[in-house]
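You will see subunit A twice below: alongside subunit B first, and alongside subunit C after that.
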Partner chain A sequence: MEEIVFGIGITALAGALATVAGAAEDTESDIGSQGDPNSQVQLAPQMGYIHRIFNKAVAGEPPAYGLWVALGAGLAWAFMAMQINPILAIVLGSALAVFVQGVYATTAYLGRTASLAKFGQPVYIDILKSMTTVTMAHAFVAIFTTVAMCHLMISALGHPFPLPLLGLVWGIALGAAGSATGNPFYGKERQYQEQKFGAGVPISASGNIVRYAEAGQRNSLDNGFFSAKLGGPASGICFGLIVFFELWRTVVFEPLAAGWGAVIIGIVIILIFAIIDRYIEVWARKTFGPYTAPEEASS
Partner chain B sequence: MSALGGPKQTGGVQSPTGMGIAIGIVLIIVALVLAFFFAQMAGLIALVGIIIGGVLIGFGVHFVPVGGAPAAMGQAPGIATGVAMLAAGAGLAGLFGGAWAAPLGLPLALAGGAVGGGLLMAITCTMVNIIYVFGMGIPAASGKVAKDPITGDTFPEYKSQGTEGHGLPFISWVGGVIGGALGGLGGTLIYLELLDIYQAQLPTILDTTVEQIAPVAISLAGVFAVGMFLMNAVLAAYNITGTIEGPHDPKFKRFPRAVIAAAVASAVAGIFSIGLLELVGVF
Partner chain C sequence: MSVKIEAGAGGGIPHNQLVIYGLVGSLVLIYLTYLNTITGTQYFAFFGGLAAVVALIWGTDTIKHLCSYGLGTGVPSAGMIALGSGVIAALFGATTGIAAPIVTIIIAAIIGAVAGVMANHVVRMDIPVMIISLTELAIVGAMTVLGLAAMACGTFEFIGMITGEISILGFAVETYEFSLIGGSIIAVIFMLGAIAIQHSFNACLGPGERQDRTLMLAAECGFLSMITVAIISFAFIGFIPALISLLVSVIGWIYTYTQYIALSKRDAYAWLDAQPILEPKGGA
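Moving on to the complex of A and B:
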């Protein structure tokens, strides 16, 4: 019994760490503009809209986070093998991984933006100076929490994978959950804030992203401020729920029915999410109703 | 004419060519012979398991509703990320569960892997709809079919002007869960087959016990399983080319090509992973 209570405590802690990781990951990717909406940031200058948005989408979020978290986990693992305290080892490993992220962000911004020179898009050095460090800070939070979560899974729950491999697996899953949940909010609601609420962006409006803020030109820090209100926390909840339920069903229910308890509970959780999803879908159809064209063209 | 008007959507279905199938079969047979040569019957069984795992991954990726960049602007239905990456996220989460349940036996580990992958997709797809509905005020609408094959919901009247649809209709949600489950199942199967091989070969080569080589065997099998997962997911993504809504999308019919490609690629990659220790032993 004590073992199960301990397991539930670790599960809750891992879920909490994953929630923070998901929120930090999405906010980082929105400030750095690394998700799919960055296609519009890249497209805008080609359509004549010069902007001051960061631009580092030379890799998708899942492989990028797979790399950074595996790197942080691998270094932490090496430090732990050198008998360094695990918490210090994870901090050091994550800090070193963040420097790689910083180099990636810098070269990606310079490379991607320089490729737009023939469309008149300048490389803003002040953007590079002020925003790279902010993405690095958010990346540190995401990497540290994910590596700490992986360490808990191994040392407290006894998962057989070594830390670097677990870092790769959960890093890719973190990027997948964060980009899936957070991207539409950054893409539709922020970059196309001028478009009508409650409808998709017409394809004809592509590239016409919002470039001006309350005072002066909008930059990626404004975007991080915005997406941290919903897209980030929602991504955090998404990744937190994934980690929590994955661990919870195993820790609590694996002793039942010769191990099949975890599988059955997993299927039950999937069915519960199916009901929630269907309820939301029907609620949206009833509440919002069919699409009605605005009186004036929105594009 | 499709249900939505316009030209009939064939989805670019191209049947595999005779030459392609012949070369594929030859490569698979050569790989199977080599597997038998390297590790006798155990090697043969492991390679068959790896091929089945690869096929499950390649087939499963076609179920995952991925809208890519257009989905991030509410211009196309699906999840706003890459095909291979989302499938990898789900499949690897499944591998995590499957590897954890490995000591409990093959059926339980495979079921654990499938449920792990399905669970990630179920939560992710639900959160995507929550963002679309409560963050953006947009109801789900498919661009490829007029009616949801499961719920019977109609879509054309909910579709925003100038878009191909948006959000995740229920059929896409179900497709996502099936895709994640198949990915988790395939990834776990590859992992378990390789783990068996390494646990049998490593103690002989290194002259140690199974317990002592367990971390090395688990790491090697895990790394190869992740690698083969990504390989098959990317192959399927090339077959899909861009975005897919799920099992109701005309592009879904392209899967036979990906299944053959995944089988051949898994056989070739599998033989390297099985023969790895033999090669190490030679040197």
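Moving on to the complex of A and C:
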């Protein structure tokens, strides 16, 4: 009994760390316009919309976070093998992984922008100076919490995988959670607000992203504020729930039916969530309905 | 069949020439790490990382070649399949002793060709350069994995990758848990290579893409990966050899990074600091 209570405590702690990681990951990637909104940011100058948005396309978020977290975990593993205290090792490993992330971000912005010279998109060096550091800070939070969570799974719950492999798996999961949950808020609700709500993005409006702010010109830090308000917490809840339920079902139900208990509970959780999702979707369609005549929306 | 579009301005080094440089260069550099076994030291581990850099430059040009067939979002996937095929070939090749690099190249070529045939004839992507490009990418991935692994543990032989030393109560004990493969550092190398191989073309694509800038970025990504592998190698090889690896990678990285920034400055439309949006004449 005591073992299960301890396990649930660790599960809750890991879930809390994962929530912070998800929120930081989504804010980081949105400031860098990584993930699916990137296509519009990349397209904008070609359609004549010169902008001051940070465009750091390293890869999709899942592979990129797979690398940052696996690298942080690998370096932390190496420092621990050198008999360095685990907390210090995780901090050092995450800091070095963030250095790599920052360098990749700068080269991605410079490369993409220099290749768009034909369309008159200049390189704004102040974007690199002010925004790379902000994305690095968010990435550090995301990497540190995820590596710490992986270390907890190994040292407290006795997970059999070595730290770097667990980092790779959970890094990809973190990127996927942020990409799937957080990006719709930023891309579809903030980036394309030049279009009327519900109008979608017709081809003629491609690249017409929000470039001017209430006062002055918008840059990616404004998108960071927006992401921190909606997309970040949503991604955090998503990744936190994934980690919590994954560990909870293992800790509590693994003794049942020689391990099959955890598998069955996993399937039950998926079914429950599928039913909830379906209910919300049907409710939203009924309540908000299909997009009708534009005069109803005007005021 | 997909239509070929030119990724950027022509010119530069022809692709076939880069294939020869990449293949011969990475093979020779990987064999230079064998000096460790001959001399009984670990000072030559950094040659493995240099082999990875050369292979990555070649791989970047191959990806550019392949992705000029309109594979915009397929650029990162090309990196994944390269390293995915490569890591199998490298681990198999490593078990064959001194012949490891050559066996690795042969196995990788077979895996890559099979993947290419599958992509073209089963998935029906019908891209003319698919088979040869995936063969090249698998070899590049395999050489990158083998090179970085040789850099981390000082040898490209399998036995060195599955034994690590840990000091318990002052005694050095050989274990599997603290080895390159036992500790899954190979997973870190896989991701380092997969992101490094696709990043350069992914970052530089566009109408203004220039070969020298893209390849300089490939070298920069290679040296950046080397820095982190050099830090990890402190856990496997001696302090002085690991320090030499770290110094070589940091010097290479600083040089390529400053060169890349200079090349970006050359190609950019304008290089502005804290300036407003320059609206094009006539408005958007």
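The definition used in the following text is that the second predicted complex is superposed on the first by the 289 of 299 C-alpha atoms of A that agree within 3 Å, B and C clash if a C-alpha of one lies under 4 Å from a C-alpha of the other, contacts with A are read in each partner's own complex, and residues count from 1 in each chain.
Assume a residue touches a chain if its C-beta (ideal position, glycine included) is under 8 Å from a C-beta of that chain, and two chains touch if they have at least 3 such contacts.
Remember, predicted model here, so these are calculated numbers, not experimental data.
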First, second, both or neither for A:M82, with subunit B first and subunit C second: second
First (subunit B), second (subunit C), both or neither touched by A:A108: second
Which of subunit B and subunit C A:I242 touches, first, second, both or neither: first
First (subunit B), second (subunit C), both or neither touched by A:F161: both
First, second, both or neither for A:A215, with subunit B first and subunit C second: neither
First (subunit B), second (subunit C), both or neither touched by A:L67: second
When both partners are placed on the shared chain, which of subunit B and subunit C touches more of subunit A: B
Partner chain(s) touched by A:P122 [first = subunit B, second = subunit C, both, neither]: second
Subunit B versus subunit C as contact partner of A:G259, first or second or both or neither: first
Which of subunit B and subunit C A:M47 touches, first, second, both or neither: second
Residues on subunit A lying within both footprints (that of subunit B and that of subunit C): 60, 63, 161-162, 165, 168
Residues of subunit C defined as touching subunit A within the complex: 8, 76, 79-80, 164, 166-167, 177-178, 182-185, 187-188, 191-192, 194-195, 198-200, 202-209, 213-214, 217, 220-221, 224, 227-228, 231-232, 234-235, 257, 260-261, 263-265, 267-280, 283-284
Complex interface listing, subunit B residues touching subunit A: 68-75, 79-82, 85-86, 88-90, 92-93, 95-97, 99-102, 104-105, 108, 111-112, 115-116, 118-120, 122-133, 135-141, 151, 153, 157-170, 173-174, 177, 214-215, 218-219, 222-223, 226
Contact set on subunit A toward subunit C in their complex: 47-52, 57-60, 63-64, 66-67, 70-71, 73-75, 77-79, 81-83, 96-97, 100, 103-104, 107-108, 110-126, 161-165, 168, 211, 217
Sites on subunit A touched by subunit B in the complex: 35-37, 39-40, 60-63, 159-162, 165-166, 168-170, 172-173, 175-177, 179-189, 191-192, 197-206, 230-231, 234-235, 237-238, 241-242, 245-246, 249-250, 254, 258-260, 262-263, 266-267, 269-270, 273-274, 276-278, 280-281, 283-285, 288, 290-291, 293, 299
